[in-house]
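Look for subunit A in each of the two complexes below; its partner is subunit B in the first and subunit C in the second.
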Partner chain A sequence: MDILVFLSGLIALGGIYAMLAVSLNVNGGMLGLWDLGVVGYFAVGAYSYTLLTHDSPGLGMPMIAGVIGSVVITGLLSLFIGYTSLRLQSEYLLITTFAFAEIIRIIAANEEWLTNGNIGIFGLDRPFQDFIPGTIYMLFFAGLVLVVLAIYYVFAQKLADSPMGRYMRAIRENEQVTQSIGKKIFATKLKVFILSSCMVGLAGCFYVWYMSIIAPNMFTSAITFTVWTALVLGGMGNNRGAVVGAFVLILVQEATRFIPVPAEYSILLAGLRQFISGLMLILVLRFLPQGLIAEKFKSVEKLLNFQQNSMIIEPKGGRRNAAS
Partner chain B sequence: MLQVKALSKNFGGVQAVKNVSLEVNKGEIVGLIGPNGAGKTTLFNMVSLFLSSNSGEITFLNEKIDGSTPEAVVKRGLLRTFQTPVGFPKLSLLENLMVVPPNEGEGIFETFLKRKTIVQTEQKNYEKVCSLLRQFNLYDKRNELAENLSAAELKLLELCRQLMADPKIMLLDEPASGVNPMILDKMVDHILRLRDEGMTFLVIDHNLGFIYRICDRIYCLANGELIASGTPEEISNNENVKSVYLGVS
Partner chain C sequence: MDYVVYGIITGCILIIASIGFSMVWKTENFLNIAHGQLLLIGAYMAYLFKSVLNFPFALAMVCSVIATAVLGLLLAKVFYFPVRKSGILVLLFTSIGLSWIIYGVIQAIVGPEIRTFGLETSKMIDVFGRQIMSAQELFIIVVSLICVIALHFVLTKTKNGKGFRAMAENRDLAQIRGINSRQLSNYVWLISSGLAGLAGILLAMTGTLNMELGWQQILIIMSVVIVGGMGNIYGTMLAALIIGLSMDISTVVIPTSYRTAIAFVIVILVLLIRPQGLSRGGTA
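Showing the complex of A and B:
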């Protein structure tokens, strides 16, 4: 039973990271925004959920209102961040979003009247906890995470296969040319940025449920880097890659717990996790630069089952075809 | 159709374009030549509003367009290509072109709410793209990624991409560079055919043979200033042009 609880905890954590990776893939992978502020929206989602639902400090609202509220608040905040920083290009955007995430964490640590500072808020409620016995609660929670992850995945995949997805990839590939064919790039970037942040904010609620506490040191930039590493490992621009990358990374990191070492080395072992994820990243970048699962090209013809009115039958196998 | 009046641009202390005026009439192919650094591309960037000008006036279809946005001029039918024809490397040829026409489905909510309209629009655009690719002999490669094309094919793709946006005037930035003589002949045919169908062109190129073959009139820039203008014959005999290009006087 213990191992089952441990495993389901692992799946829940992996699932939350996978949700983050899918959200990041929407703006980082498909649209090509170098967004290092993931943990910022994650923290805002988590904190606004907590403060809306918790009694004191907080407003004591019902759970569902907290979830909706946290998504809305994250969206509004990302509207502000996006509007101010999305005109910046690549590295500049990266540093700006990173700074915003740090600002959010520092505010959470210092505004003690609101967030209880570094001590954090303990013993937070979890969804349906009254109906499910504590021993198997993690099992249920892992299932819930996987269901929401599936929704995220399907949503992101539909988006990727649509004209919108194509448009987003066009912006990623060449912003100037996209502009030269008359597209309003900034507005699109802002919309997708907000969407992605809202998805991250919702994942923040799950993180609160998973941990059942909230404190500023849960939201260090390490989370941003883990999510990016997961995305690069799995394959940028590919939702399946994002999910696989997140699970592989979390499983490998957690597997270090099982290396049998004397107690005095256990702290060293914790450092080993970072080392392993760094090593994996380097190996993947060296040998599989596209990630574990490369972004797949899908033909428009196949996606929408197009038939040309005047179909020309071509000889098979004559030409190397990227679609097959 | 397109008038540029006394256009100037400084980058810090460098005057990239000084007081340049030119005019393109409907159905003309106008060339823009000049040595490297003459300010040709800067002029293009200003006309397509990728850069703002310091002074001067740009009129397109009898309306002032300076101060507007690149998207707005594209909507009115002014399209430009880029010197380095990279396009969208990781998109297939079909996608490279299908992304061009304005599409109602290009939104987050629209993706899920307007599925029917999207499929209809896509089908329509798909037909258009296919017939265009056939014209340019790229149909067989429609599912190939753009990064697998040769430089010359990319130039043709670039032309196709602009055509998808229903242009009234096309600004071509070095369409002939890196194109082999055989495809260059085809490029000439395409441009002349499009002109006969009523298209207007403003073309930058260093390949003077190509420019002399297609252009009705030519402007020559050097150091940001207009030094000569006229028919290909006049330009090829112009002493100023000879001196900036060949260094003879």
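Showing the complex of A and C:
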């Protein structure tokens, strides 16, 4: 029974990270925005859900209203962040989004009247808590996360195959050319950015349910780096890769947590976990720059099958590295 | 008045911490996130020499700076040089991976407890009958001034320094003109890592040694470099002082815990109003 609870906990956490990685893939992978502010929208989603549903501090609204509210609030905030920062290029965008995320965390840690400061808020309700016995609750929750992850995945996949998806990849590959054929760059970036942030905000609600507490130190920049690492591991611009990368990374990070070791080695093990994540990232980048699963250009392949005598050469391994 | 002094000290440490980062950005064209962890290495190396091997503090500092410089160059050779051709995003993520590795190794060795160098509190220095700052704080300011002046002369007077500036402007052109860019970038990594180590030690002198030091500082360092304008070294120095001062002076009006948020607000404002930074490109 214990192993079942542990496994379902692992799947739930992995699923939440996979949700984040899929959302990040929408703007980081497909559109090529260097967004290091993931944890910011994650925190805003989680906090706005908590404050809408919790009694004090908070408004005590029903759970579904909280979820919708948190998505809306995250969307509005990302509209502001996106509108101000999306005109910036690569590294500058990276630092601005990073800065916004840090400001959000600092505000969460210091506005005690709103968020109860560093102590956080405990004992938050989980969905359908009353109907499902506590012993198998984690199992149910893991199932719920997987269902939502599947929805995320299908949605992102549909988006990737849509005209919008092709157009996003066009912006990633060459912004000037895309602009020259009359596409609105900034408006697209803003739309996709808001969409992705809303998806991250929703994942924030699941994180609150998973932890059943909320505190500012749950939202450090380590989460951003973990999600990006998962995306790069799995393969950027590729939803399947994002899911696989997130599960592999969480498995590696969490599996070592439960190896029974004497207490004096626990610190060593904690260090080892970071070490392994870093080493995995570096090795993948060195030897598989496209990640575990490389991005496939579905539409191009279809085109090639259609016209066998075409001059277009199918993108091979080395053509596109993660840098583009 | 105290706040101004604190601000200057914070600014001085930031100068040392950011110049190395800025130099690497200028020559290698990527954001070296692992620079923050080099601060951590420097600080813990100094702790190792001072408290474990019982060196005198000055000697411990020198040893630690040299060790960090060499280690930084080695890490760059092992991790960055092979993937240089793969583009900046690969380099960026390699540096994030390297940060995890360094963080993990140091965490495994030293554990979570917070340490200090255990320096005895130095006496205050009186100027016109007012106590301005302690000898330690004066030491920090003097060290960073020496670094800045030395760096200025190296960059403008020596052959390698001029070569660095040429390489920062246009790497290919510099190579055509016979500048040995491979050798020069070794020097850049040495200097950059050494400065990072020094900054780590100075930072740990003013506060405590904890594991999060690297991650906390890299954010502020990035802000400083952006505000200073695209790897411009003199702009970076100015920006470090401005951010240091505004972080500490702001504590007069707003709660201390918002101190770091000020740095980020400044960087966001600068990027929105003047995206090229305080001073545009120009000479190194």
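Definition applied: the second predicted complex is superposed on the first by the 295 of 324 C-alpha atoms of A that agree within 3 Å, B and C clash if a C-alpha of one lies under 4 Å from a C-alpha of the other, contacts with A are read in each partner's own complex, and residues count from 1 in each chain.
Going forward, contacts are C-beta pairs under 8 Å (C-beta built on N, C-alpha and C of every residue); 3 or more make two chains touch, one makes a residue touch a chain.
As the structure is a prediction and not an experimental result, all values here were calculated from the model.
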**Message:** With both complexes overlaid on chain A, does A:Ser180 touch subunit B (first), subunit C (second), both or neither?
**Reply:** first
**Asked** Which holds for A:Ile106: it touches subunit B only (first), subunit C only (second), both, or neither?
**Response** second
**Message:** Which partner chains sit in contact with A:Ser212 here, subunit B, subunit C, both or neither? Use first/second/both/neither.
**Reply:** neither
**Request:** Applying the touch criterion given at the start, work out whether A:Thr96 contacts subunit B, subunit C, both or neither, answering first, second, both or neither.
**Result:** second
**Request:** Using the touch definition from the top, say if A:Thr135 reaches subunit B (first), subunit C (second), both or neither.
**Result:** neither
**Asked** Now for A:Lys158: first (subunit B), second (subunit C), both, or neither, which partner does it touch?
**Response** first
**Asked** Taking the two structures together, which residues of subunit A meet both subunit B and subunit C?
**Response** 321-323
**Of all residues in subunit A, those that touch subunit B in their complex** = 158-159, 162-164, 166-167, 169-170, 173-174, 176-184, 188, 191-192, 195, 295, 297, 299-301, 304, 306, 308-309, 314, 319-323
**subunit C to subunit A touching residues, read off their complex** = 31, 79, 82-83, 86-90, 93-94, 96-109, 111-112, 215, 219, 222-223, 226, 255, 257-258, 260-261, 264-265, 267-268, 271-272, 275
**Asked** If you look only at subunit B, which of its residues touch subunit A in the complex?
**Response** 48, 50, 70-71, 74-75, 79-82, 86-92, 94-96, 98-100, 102-103, 105-108, 110-112, 118-119, 121-123, 126-127, 130, 140-141, 143-145, 148, 161-162, 164-165
**Item:** Interface residues, subunit A side, partner subunit C - complex
**Value:** 34, 84-85, 88, 90-92, 94-96, 98-100, 102-103, 106-107, 109-110, 220-222, 225, 228-229, 232, 267-268, 270-282, 285-286, 289, 321-324
